[in-house]
Amino acid sequence: MELKDRVPESLRNNVLIVKVDELFRWAHANSIWPLSSGLACCAIEMMSTATARFDLSRFGYEVFRPCPRQADLLIVAGTLTYKMADPIVRLYEEMPEPKYVIAMGSCAIVGGPFADSYSVVEGIDEVLPVDVYIPGCPPRPEALIDGMLKLREKIMHPERVAEERAKWAERKKEREAKQA
Amino acid sequence: MKAAAPAKRTETYLLNMGPQHPSTHGVLQVKLTLDGERILKAEPVLGYLHRGIEKLMESRTYVQCLPYTDRLDYISSMNNNFGFAMAVEELANIEVPRRAEFIRVIMAELNRINSHLIGIGTLANDLGASTGMLYCFRDREYILDIFNEVCGARQTFHYIRIGGVSGDFTDKARSLTEAFLERVPKFLAEYDQLLTGNEIFTRRIVGISPMTAQEALDLNMTGPNLRATGVARDLRKLDGYSVYGELDFAIPVGEHGDNWDRYQVKLKEIAESAKIIRQCLDKLPEGDIMAKVPKVLKPPKGEVYSRSEGTRGELGFYIVSDGTTKPYRVHIRRPSFVNMQGLDLMCRGMLIGDSVSAYSSIDPIMGEVDC
Amino acid sequence: MKQRYLTAEELARIKGEFYTVSIDEEERPPIYVSPEEFLPLMKMLKNDHTLSFTHLSCLTAVDWKDTIDVVYYLFSELLGAYVVVKVKTIRNHPEIPSVTSVFPGAEFEEREVYDLMGVRFTGHPDMRRILMPEGFKGHPLRKDFTYKKPAPPKATRVGEIEKEADL
Amino acid sequence: METSFLSGLALWLRGEIYGVTGIPVLSDLALDVIGIALLLGIISMAAIVFTYAERKVCAFMQVRLGPNRVGGRFGLLQPVADMLKLMSKEDIMPEGADKVLWALSPALLFVPAALVYAFFPFDAGAVLADVNVGVFLLFAISGQAVLPFLMGGYASNNKYSMVGGFRVVSQMISYEAPLLFSLLGILMLTGSMRLEDIVEAQAGGLWFVFLQPLAFVIFLISAVAETNRTPFDLVEGESEIIAGPFTEYSGMRWALFFLAEYANLLTAAILATTFFLGGYLGPDFLPGFAWFFLKAVLMVFLIMWFRWTFPRTRVDQILSFGWKAMLPLSILNVFLTGVVMCALGLV
C-alpha cells in the first residue's frame, strides 16, 4: 500500500507524495531482510551466499531474521511438500506487508526432479505469490544475489514490471493470432 | 547435569520448535515438553521434507536414480553417490578401475571434511558464535573449488557414476587439493583458538547430552555419534570397502559421548580425512576412470544390501532387481534417520539452550532423515 | 565389495532350532521365518554367543504383489557376516510382531515401514505415521498405490494488485 | 566549575534567550527543551550509527566487507534505508495478545533507556539534570527496564516470548547487584554520588580503571549482561527462542526495542567511560566532549567485539556466575577498597 493510494484523488500526482513514495520504495528495495528459513538443499547455498566469499551483506540483505514478524522476504529454498505447505503459508501470513517471495531452485519453481512424487507440491506458486524465480539445482550463490537484485529493481520500478507485462500480453496475443 | 526433581509441583508445557526454527537445520520439528526451562521429553516430528525418493527410484533406470542420491543428504552428495554406485556395481558385477577407486575415495573424504565443517559451523552458530560458522563456511569454499573443477557443480555433484567417475582428476584439481591440504592444519588451529579454547564454548558443550556406548548401540546409532561414545566402529576400517583397506588412518573416538566428544570426533576426523587424501594423492595410479558399463544396464535378478560409511554413519542401499532396467525396490538406510532416535535421550533433563546444541551435534540433514 | 553371509553349516544350525525356518539357496541366503517364531529367532541371533548379531543394519519391506516381505539385515562384528531374515505377511492384513523389544533402535524404521508399506507391528510402543501427515490415505510404497494430489493451501497477497491471471 | 565548550555554549544560549524574552524561567525551560532534543537526537543517531557500525564490525570480524552499495562506497545510507523501511512496515498485533500491555511495552522500555541520559556529564558542566544523587537515580531508573521486557513477553501470548520474559527478569536482576557493588568502591573513593564529581576525581590521569581494575572487569561483564548482548544475549537467543520477548513485534514497535537496545549499549559505554576512564578528561588538544565520545565509542567497539567472538552462555550458567562469582568478587572489591583506604588514612 503506497501513500498515493491513500490520499484523495486530487493529490495523487502531487510531486511531494510521489517523491515520498519513491523514497519509501528506495528504502524497501535496499533493506530486504530475508527470513532464515531453509527447506532443503538450496538452504545450504542460501547460507553460503551470506558468507565470506559471496557476502550478501554488501547489498544490505544479510540481516537474516529468525522471526517472520521482522522479515520482508521469504526465500523458499528447497522442495515444498504437502506436509510443509500449511506451515509455509502460515509463515508467509505472519510476515508484515510489504512482503516478497523468492522461489529458489527448480524444486520451488516446478517441483524439480521430484515433481511426479506423491508428496511434493509442483511449484510454490500454487501456494504463495512469487516475485522472483531463480532456476538452478541448486542455484549458485551468485544467482541468488542476482535474484535479489532483480527483486530490488522490481520494488524500485514497479512501472517497468507493468511495461514488461504489457509486452508479454501483446506477444501472447500475436501468438494466438498467428495460431488462429 | 541432571537436576533433582523440583520439590514444588509445577505445570509442564509444550514448546513446539520448528518446522521453521533457526536452529533445527531445515524442517525438523521437535515437540519439547518442558518444566520451566528443563526438558522432560523431546519428540521429533519428521516428514516435512519427505519427497518419496524410494518410490521415485522405482520408476527410474539405475543411471537415472543416481541424481536422487545427491539430494538425499545434500551436504555429502559424493558419499551418497559412492554408496549407491557401489550397491549397483555389486548387483551388476561391475569391476571399477583402480584410478577411479582412488578418485572416489579422495572425493568422499573431501566431502566428509566439507560436511563436518558445516556440522561444526552450525554447532557454533547455534551456540551463538556466528563468526565460527562464517569461518567454517569460508574454509568449505576451498573444497567446493575442487569439486567445481572436477565436475562443475557446487553441491549436487553426480560425479561418482556407476562404474567409475564422470571426469578425470585433473592436474588443476590436484594442485587445488594439495593447496587445500596445506590449509587444513591452519584452519584447525584457528578453530582451536576461536572455539575449542573458548571457555564459554567449552562450558556449553562439555558434559551436555551424554550418552553411553550401550545406549548408542541399542539405538542403532552409527557414525560420529556412535564413535563419540567410545565405540571404534567405522565401516571404512571394518568393511575396508573400495581402497580403504590399503590406507592408513585412525578412528578417533570419544569417551563420554557428550556434545564435546561429538565435536572433537568431528574435528579429529577432519585431520584423519586429510591424511587419507594425502595418501590417495601419493598412490593415485594412471589408467581408466570408467569401467565398461552397458548402455542399458540390466542387473540380474536378485537383491543387494551394500553399505558404506557416510558422513553421518552407516549409509546402506538395499536394492531389489527384477532383471529389468529399473530397480524393483530401493530402500535407503539413512544414518541421520536412525540417529534421530537418540534425540529424546540426549535432550532429556537438559535446558532449552542445550537442546539446540543437541540438534546440531547429532547433525541431522533433513533431506536424509525424511528421504 | 562383497560381504560375507552365513555359511551353510551355520544356517543349518539355525534351521535345526526353529522348525518354520526355510532357507533359500542364493548368493545371499535369506532365512524365511513365520511371524510366530520370528521374535525367538531374532533373540537367539542377537544373544547367542557364537553368533552375536547385535547390529540391525537395515529394516525394510518389499511388496511382491501377493505378499509383503519384511526384510531384516543383521550384522555381527564377531563373525564379520550378515544374516538376512525375511518374514512373509498377508498383503491385505500385514501384521508381524515388533522387533523393538530386541532391538530398541528399530522403532523409527518400523514406523517408517508402517507408514509407507502398511505393515502393522504388534507390540510397537508408538505405532503412528512418521513421514506422511496424519490422516493420509494409503501406503505410498505399495505397488498398487495410486494417488491424486490434492490442491495445496493458498495464501493470497493483500493490498497489492493481483497478478494478471493469463500470464 | 571550569567552563568547557559545551557549558560555554549553554551559557551563551541562555544569555541570548534571556535577552529576547526577559524572563529567567523561560530561558531555563528553553534550554532544557534544547537539551532534551539534543539527547534524543544523540540516542537515535546512536542507533543509526551503531547498526551501521555493528554490521561493519561484524563483517570485519568475519572476513567480509559489509554494506557497501547503498549510499556510496561505504554503504553509509544503509541504516537510513532500514529505518525508513521499518517505519513503513505493516503493524501486526497478534490476536491473543493483551493489547494494552503489548502496546505499552516498547514505549516503556524506551523511556528509562532515554531518561538516564539526563545524568551524564558530556563535558565539564554540561549535564542536563545535575543532581547530587546522580548514581543512585541513574540505577533506580535503569532498573525499570526489566518490566517492559516481561510485559512484552507476557502480553504477546507466545511461549517463546514468555520464556524470554522469564529469562530477562532473572538475568537483569541478578546482574544489577554486582553492577552496583562494583561501583561502590569508586563512590567510597570520591565520597560523592554526583557524576561530575566522580569524573573530576579522576583528574591527573589517575583513572579509576587503574585504581579499581577488578571493579572495572566486574562492571564490564555486568554491563554487557544488563544490555543483553552476547555472551549474555539469552533474552533474544536467536537460535533458541527466536527473538525472545520481541518475537511478535513487527515494524516500528520492534524498531523501538532496537532503539532501546542501542541506547542501552551507549549507556553502558558511557557509564564505563564516566566511572572508569575519566569521562571527558583528556589532553587539551581535543575538547572534553570529544574525548568523552571517543572513549564511549571505544567501549562500544569492545562490546561489539565480544558479541562477534563469544558464544552464548546458558541460563543456569549465567545466573550461577552472577550470584556465585560476580557478587562475591564485587563485595570483596568493596572490602579491599575500604581496607586500603583505612590503611592510607583516607577515612
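Every chain is named by a letter (A, B, C and D) in the order it is written, and numbering of its residues begins at 1.
Criterion: contacts are C-beta pairs under 8 Å (C-beta built on N, C-alpha and C of every residue); 3 or more make two chains touch, one makes a residue touch a chain.
Just so you know, these numbers come straight off a predicted model, no measurement behind them.
> Would you pick out the chains that touch chain A and also touch chain D?
Under the touch definition, chain A and chain D have B as mutual neighbours.
> Whose C-alpha centre lies nearest the centre of all protein C-alpha atoms?
B
> So, what's the distance in Å between the C-alpha centres of chain C and chain A?
42
> Based only on mean CA positions, could you tell me how far chain A sits from chain B in angstrom?
For chain A versus chain B, the centre distance works out to 32 Å.
> For chain B and chain C, let me know how many angstrom lie between their CA-based centres, rounded off.
Distance between chain centres, rounded to whole Å: 23 Å.
> Would you give the residues of chain B that are in contact with at least 2 other chains, written as numbers and ranges?
21-22, 47, 50, 52, 55, 134, 138 - these are the residues of chain B that touch more than one other chain.
> Tell me, which residues of chain A touch at least two other chains?
51-52, 66, 83, 97-98, 118-119
> Could you pull out the residues of chain D that touch at least 2 other chains?
In chain D, residues 62-64, 238-239, 242 touch at least two other chains, as defined above.
> Among the chains present, which pairs are found to touch?
Those chain pairs satisfying the definition are A-B, A-C, A-D, B-C, B-D.
> Would you pull the chain C residues touching chain A in the complex into a rising list?
132-133, 140, 145, 147, 149-160, 163-164, 166-167
> For chain B, which residues are in contact with chain C within the complex?
Touching chain C: residues 46-47, 50, 52, 54-55, 86, 90, 217-221, 233, 238-242, 302-307, 314, 316, 318, 320, 328-329, 331, 333, 337-338, 340-341, 370-371 of chain B.
> Mind listing the chain D positions that touch chain B in their complex?
Touch list, chain D to chain B: 61-64, 159-160, 163, 166, 230-231, 233-234, 237-242, 308-317.
> Show me the residue ranges of chain B that touch chain A in the complex, using the header's touch definition.
The contact residues of chain B facing chain A are 19-22, 26-27, 47-53, 55-56, 59, 67-68, 71, 74-75, 118, 133-134, 137-138, 140-141, 154-156, 366-367.
> Residues of chain A touching chain D in their complex?
23-24, 26-28, 30-31, 51-52, 55, 57-60, 62-63, 65-67, 69-70, 72, 94, 96-98
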